[in-house]
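After this come two complexes, each holding chain A, first together with chain B and then together with chain C.
== the complex of A and B ==
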């Protein structure tokens, strides 16, 4: 499956979430990662993220699409992934 | 089409982009909007955003999927759209 992840976490937890996202996905924009995951990888990713979040304050949004062929991506302005990830 | 928009703009331009996104889409998380747009609405949206950005510094990422039925959305932690949009 193709996955887009957008996180909104308290700054102190950003480095942990960033590390987990980097392990499974590619960075595309501040707080946005995308990539292809198997069902098992998706399960493992969400379980890891759940342990790292404070669910009272943080939010991680995950869009799942069966195949990357079903998604068209456009960027206006600076192109994704061309600069370093910002925490 | 179903559209997910994630923007990363300089703070001073955030209110303009936020207003444009709100006009066309629903707010779901900090800097994230989604919704259904016709081809004409999508053209109008991207043209407006292009005029409002400084393309040297800002980035707006747009994911287009033919139908919302092709997308599964998961939220871990705070649910999207349940609090006020933060600029």
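== the complex of A and C ==
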């Protein structure tokens, strides 16, 4: 599945979420990640994130799309991150 | 190997570092790219890279192979993780199979014959009917792998000539040369063939097969893995010949994509990017598989080829080398 993750957490918890996201997904913008995950990866990702959040205050949005072909992305302005496997 | 993972192509000189239990690629222009470790199937290095033990132990932990290609596109080796797929019954029957010269020769013959048919398919030509006939005769007479390889060489020579007729003059091969490739066309073919071989090594790592117990190639072929070389053979025309023909027809490749010198040629920085992009899109092309009843990518076809050998070892299913059916 294709996943877009957007997080909004307390500043002191940001680095931990950032590290978890980096482990699974591509950084595209400040606090926005995207990438393809298998079901198992998705499960372990959500579990890890849950453990690191204060659910009273923080929020993490995960958009799930069945395949990346269904996503049309339009960028206005800068491309801060890269998701291409050719580096 | 999960379906979601991808191959990463590092076309520029870079540093591979471990950061937050994931990978960070540092490039000479001071840009850093974090790539998620769970998304990597393997890495292909086209240029100098600097890996430290911290990064390497992480790669090893996630079972990621790093393939290294040298300046002229020759496969110069791999950093392979510890083998965790080994299975004694498979290995035992694989070694029995490859030491039985009759079976070994039969598979070698069918590999060469199928490769020739694939070349004709990739070139879409009827100019090679005669060489194919000769090859079939020579294969029937051949009594060891060296003679089989010789027969294959004769066929390939005519097939490269036919390929030349489809290319613009500056891209023509004028005879296949390697180590180093002498012109642009040869450099391209070297790169693509090494990548095909690298794909096969990755596929074999997902099976319990030993990559160096093979059928066709000599056992000590520049310390490369015989089985991977053998099984990559039928796929080479699918990539090298076809991509080269298409790139020439669509004028995707330019002279500036190659660094040509007297008697040697290699891809330039831009060329490497372009070629790896070409191969990447080609590998992700899908076709309908007739017995799996679903679409499979070319990458997966390579994996299925390795599985065929596993089935040959375990279940005695006759091995039929890959042949495009579409």
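Keep this in mind: the second predicted complex is superposed on the first by the 80 of 87 C-alpha atoms of A that agree within 3 Å, B and C clash if a C-alpha of one lies under 4 Å from a C-alpha of the other, contacts with A are read in each partner's own complex, and residues count from 1 in each chain.
In this section, a residue touches a chain if its C-beta (ideal position, glycine included) is under 8 Å from a C-beta of that chain, and two chains touch if they have at least 3 such contacts.
Quick caveat, the model's predicted, so the values are computed rather than measured.
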item	value
Chain B versus chain C as contact partner of A:59, first or second or both or neither	first
Touched partner set for A:31, first chain B, second chain C, both or neither	first
First (chain B), second (chain C), both or neither touched by A:41	second
Which superposed partner A:8 touches (first chain B, second chain C, both, neither)	first
Touching partner for A:68 - first (chain B), second (chain C), both, neither	neither
Greater residue coverage of chain A in the superposed arrangement, chain B or chain C	B
Which superposed partner A:19 touches (first chain B, second chain C, both, neither)	second
Touching both chain B and chain C, residues of chain A	none
Chain A-facing residues of chain C, complex	2-4, 6-12, 14, 19-22, 25, 27, 33-39, 273, 276-277, 280
Complex interface listing, chain A residues touching chain C	18-19, 22-27, 35-38, 40-41, 82, 85-87
Chain A partner contacts - residues on chain B that touch it in the complex	4, 6, 8, 28-32, 46, 49-50, 53-66, 70-80
